[in-house]
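Here it is, the structure, as structure tokens.
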Amino acid sequence: MRTDGRQPNELRPLTITPNVNKYAEGSVYIEVGDTKVLCTASVEERVPHFMKGQGKGWVTAEYSMLPRATHTRNQREAAKGKLGGRTMEIQRLIGRALRSVIDLQALGERTITVDCDVIQADGGTRTTSITGSFVALAIAMNKLSTQNKLTKFPITDYLASVSVGVVGDRALLDLNYEEDSKAKVDMNVVMTGAGQFVELQGTGEERPFSREELDQLLVLGSEGIEKMIAMQKEILGPIVLKIGSGQAGTQV
Amino acid sequence: MRTDGRQPNELRPLTITPNVNKYAEGSVYIEVGDTKVLCTASVEERVPHFMKGQGKGWVTAEYSMLPRATHTRNQREAAKGKLGGRTMEIQRLIGRALRSVIDLQALGERTITVDCDVIQADGGTRTTSITGSFVALAIAMNKLSTQNKLTKFPITDYLASVSVGVVGDRALLDLNYEEDSKAKVDMNVVMTGAGQFVELQGTGEERPFSREELDQLLVLGSEGIEKMIAMQKEILGPIVLKIGSGQAGTQV
Amino acid sequence: MRTDGRQPNELRPLTITPNVNKYAEGSVYIEVGDTKVLCTASVEERVPHFMKGQGKGWVTAEYSMLPRATHTRNQREAAKGKLGGRTMEIQRLIGRALRSVIDLQALGERTITVDCDVIQADGGTRTTSITGSFVALAIAMNKLSTQNKLTKFPITDYLASVSVGVVGDRALLDLNYEEDSKAKVDMNVVMTGAGQFVELQGTGEERPFSREELDQLLVLGSEGIEKMIAMQKEILGPIVLKIGSGQAGTQV
Amino acid sequence: MRTDGRQPNELRPLTITPNVNKYAEGSVYIEVGDTKVLCTASVEERVPHFMKGQGKGWVTAEYSMLPRATHTRNQREAAKGKLGGRTMEIQRLIGRALRSVIDLQALGERTITVDCDVIQADGGTRTTSITGSFVALAIAMNKLSTQNKLTKFPITDYLASVSVGVVGDRALLDLNYEEDSKAKVDMNVVMTGAGQFVELQGTGEERPFSREELDQLLVLGSEGIEKMIAMQKEILGPIVLKIGSGQAGTQV
Amino acid sequence: MRTDGRQPNELRPLTITPNVNKYAEGSVYIEVGDTKVLCTASVEERVPHFMKGQGKGWVTAEYSMLPRATHTRNQREAAKGKLGGRTMEIQRLIGRALRSVIDLQALGERTITVDCDVIQADGGTRTTSITGSFVALAIAMNKLSTQNKLTKFPITDYLASVSVGVVGDRALLDLNYEEDSKAKVDMNVVMTGAGQFVELQGTGEERPFSREELDQLLVLGSEGIEKMIAMQKEILGPIVLKIGSGQAGTQV
Amino acid sequence: MRTDGRQPNELRPLTITPNVNKYAEGSVYIEVGDTKVLCTASVEERVPHFMKGQGKGWVTAEYSMLPRATHTRNQREAAKGKLGGRTMEIQRLIGRALRSVIDLQALGERTITVDCDVIQADGGTRTTSITGSFVALAIAMNKLSTQNKLTKFPITDYLASVSVGVVGDRALLDLNYEEDSKAKVDMNVVMTGAGQFVELQGTGEERPFSREELDQLLVLGSEGIEKMIAMQKEILGPIVLKIGSGQAGTQV
């Protein structure tokens, strides 16, 4: 039994509250156990310099933790005057993952910026950000489609993410902070609704890991993500009909 | 009648939810109409360089808006690599105001950092931050006092803040964003429970203002702040007995 | 009697020397007691990005202290790589105050940048900067008008500023550094020639202040500013005929 | 056949030239095809702040590309004033990988900084940096051990890295720039001499990837790394006896 | 004849006004034609990190131009967030030159920071800064010596600087801005009272220069500096007895 | 005899290896004793903002030392977030020197950026960078001319540089690090093939220097540069026919 009473292959309680921000085109508040992230998707009718004139859109992400999201207060990156390596690594990961299920041609010359602001952190903030961002992005895309601004719905599949790891000698799903800080091996898995891999980042924090351990972790991760995507579908309701349909966004 | 149906001397609905963060020593989520701010008070057992060796503590504040707290997305200051003038001005104001009701000697060699993160902005974010911060600070002080870490309760009076302004030709209390953006005169008032001024910042945005207008605005502000402090007392419950008592923090 | 022998409602000796810089369109060297500030107004025939295409001009200000303007040497902000909060707050204040007496439409698509460089500081550097900047600005506007570049003189009224404060229990006008550092209440007042308020920034540095104290301070401030504006008129000579006249700038 | 005539499971020509810098405690110049990296290991007799007083050492890495290492010139990060996200991500990866085969206790209170400067880039600069860094680190450790500064040789196993990817529909080993830029799936593999994983970073650049593809890529990567480690052993000569021996560093 | 009527070997009018700042240990306002620089020397009773524990002092310089010191307004380096290359080059030069006539041992563990702020620029700002700085430094040293803080007077010789250059085909002394901007060769010369070189920086701006031209320029420079040092002696009055005397600073 | 056995007027062994980078339009690896610098010349078909619309090109240089180019490791300027004064001073010198032998009109609207990366430093890195940069620049210009992109060959003369100095009491040519660190006088000389001066920077590091010493150093420098230019001609082979010819770049 884990310290919070879960089975090795059990997710923490997952809640996704949509439309929490009155200005953003898409927004959710996602809670995975005590990890809480606000995700907003903002649509701008222009593309970054390097994408100009290609008739395609762009999806990017920014990630930040509030200073007291953690046990002790962290100095703000705005006060330090620069983004840390961890932040950059995470926001590059989120953006890359989201783009893997977006048809940038279908999006048209627009930029979607997804902001993931961690209100409280208890392990898995980057994976939770990805799972929440996908829903915020889908809501924003639905808004564009109901405004008849799209000729094709640009989301091609579902996307969710979870962490897995080896703690002691056991492979565990969805590590909380306490488990994460003692993990010998730590892996973040990002997968699609079709059950394929989008990103796989495994690290032997304390020792290298074997092929057998890798296989175990991948099975746990796949099962967790499947459950998360089921929850996303519930929240998205009729938008589900549009995802992967390749249809112009008729109102649902 | 105002666009949202309020009387000139009417506050927007005010909600203060205490203890919203599981790590911070004090925290509240404050909503004034559609303006929503998360305030956390973090205690650290050290003082900044310039306060060392004086046997006194320090209270400081930081302020930030989430990128999509507003109608259109703002670039993060962390991404720009520096704090803007508006942010610096606001966080200096919040810190100065809080220190005016704190006995730094009684606090002891500790630093309290109050973080005000604006989740959604609809006018009055700096005044809302002050009103919320006071409650977060009081909760944190109560925590220290129940841990017998204080010999005297360091909060000497209540503190709240509200904006007032001249819109068209009428003096109004607690401007929302729409009113604020058309205001000819704009004033932020910070007052204590004893009804005295802590800060007064009035600006003739579009035209100078007369002594008569100033007098009208000060009356409106005083009345609004009185109501806000009544709400603070309700939320604080038994902590009210400690504020201004000069007593060592016995448990309440 | 004050430490320098002044009455409570007495200004320090005020000198304004115009045209001290051979390149700037307008310039003055202003001395208020031992506080000495060089103010230059520079005209550029373009507006900042956010003002483009509106047929209006812009007035902005920058403020800086030389490293040894004060008792001990301060590190340069250029060497630190960023402007401090105090500097930003002050330069925002100066620019806002100047814009309150400028008709930006009449200015045309031009930017006036007023630079206030404090050569020596003995209290009141921000208020002295405003009083001096107004004269430098008026000289620069006169230069434009004598070059027939304006169809209407853009300055609508006079503008000056002074500090007031409560030291011990007495309300005093125009605090020097020594008085300022022991002041319990500190207020900066910016007013027009018509005797109206442009900015009012009062702070209870050591304790809150009452309505009675506020009233006393406002009276002291108004009287001081009236005297300062009389001095500005003397320096400006025939330019006085243009200010507030709404006339095209015929040569004076 | 690949554009440079290689088999799918064939590495590019690999050359490691040791001791190319007269000052560094360890150094190599590594060439993998046209990718050329200078790796130096610098020993300092102190540890970073967060490691102080633990009796342990630290190994960290920095990575940089010369401006004209690539087809078109890149602006220097020193001129931009900040490190990019890609650089931070890579140097965090190299440092983490090296630490996985170092016994920090055995290293003692020292910091080893490995600098990887890419002289010319043709794909695989991060994996080449890891493979080269390991040799530079081993040379530096040998130097410490021959100076009798160690009581136990701190390197516990070999470490090398290679990229693999899916180009068209084929899984390929050790992608050059041209292949990398058209890869649908891209994976960096870091492994030990014992054949275990240290890092696994797989990305579906253009499309998600299946479990079957993952398995194929892992086999290719393992084989490539085995050959690289054989080359490392050749270069290291008698130092091979020390690695993983747990022996005090007697002179070899 | 030159555009301002001077002979080729004629300096511009030179004025040095001592003690212009009430806080600085040493200060002068130096005017060379229309080039005007405020030099202050600040004494601090500590040395920079790299000089600690050597029983020696340090002399350093900072240089800055006010934004409207020149024909068109320059952006402040504090606003840009970094010092430009020209500024760094100049302040390194001033500091190096001053140190050449200072006995750092005799100075004791103190730092002298000389600030050169260019109030108005008309060519030769760096050479004027050196000539003025020397006097400010000597006044500060005299202050220390009259306070009996020195056992030996630390200034070993006089120091002044002037620019020379080839304009058209003529070698000229002390170029103003107009001459400087058309100069084909430009040279800054720094010399001691003993007529020896401290710094020589010659640049063929538009074309290389011959040995004959170099010789001509060196003669012009030596003569100009001799006159400047005569003026420094006049200003310094009785302090002249201390310079180069090696005597403990008895009061003069 | 010098510590490395050279005569006072003897250069260290000089090797220039051309075309060491497969992407750059021009490149050399230059070794002067143990000082080793990689110089690449990159051609871009655009000019910086301040040169636009003049029908002329621009040549600029950047300089950097690898962190372990020296006895002890230096922190990267990219990690510090800004360029140091020494780096700026050196890259300004290299760019200015190269431009003195380039006809910017003949270059056309192009920018040549020469990057000098110091792989190993043993004194004279700035002079070695100039000598190497000239050859890289000539190779790049030859490439443009063989592509028929030029109507006139833009290089007007040869350019090389060497350091000279007074060590003990002797004037020495081409100081290595050990000599440089004890030099009383240090001078960098940049000259053309015609034997004229382009830059002369002499500093009395430990004491001022006399006219006699200056004359001695200039003779040593001229002789050294003559030998370096002979070596440049050898490396450049048939390109020699183009330099200073004013001819359109026919293929050689």
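For clarity, chains are labelled A, B, C, D, E and F in written order, and residue numbers in each chain start from 1.
We adopt the following convention: a contact is a pair of C-beta atoms (placed from the backbone, for glycine too) under 8 Å apart; a residue touches a chain by one contact, two chains touch by 3 or more.
What you are looking at is a predicted structure, and each value in this text was computed from that prediction instead of being measured.
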item: Greatest separation from chain F - chain, by CA centre; value: B
item: From the options E-F, B-C or A-B, the pair that copies D-F, where over half of the contact pairs coincide; value: A-B
item: Per Cα centroids, the chain farthest from chain A; value: E
item: Averaged-CA centre spacing for the pair chain D and chain A, given as whole angstrom; value: 30
item: Averaged-CA centre spacing for the pair chain C and chain A, given as whole angstrom; value: 52
item: Numbers and ranges of chain B residues touching at least 2 other chains; value: 81-83
item: Contact graph of the chains (line, ring, star, complete, other); value: ring
item: Complete ring sequence of chains beginning with chain A, oriented so that chain D follows; value: A, D, F, E, C, B
item: Contact set on chain F toward chain E in their complex; value: 82-86, 88-89, 91-92, 96, 100, 157, 187, 191-192, 194, 196-204, 207-211, 214, 218
item: Chain C residues touching chain E - in the complex, by the definition given at the top; value: 21-24, 27, 34, 38, 40, 42, 44, 62, 64, 66-73, 76-83, 87, 113, 115, 117, 119-120
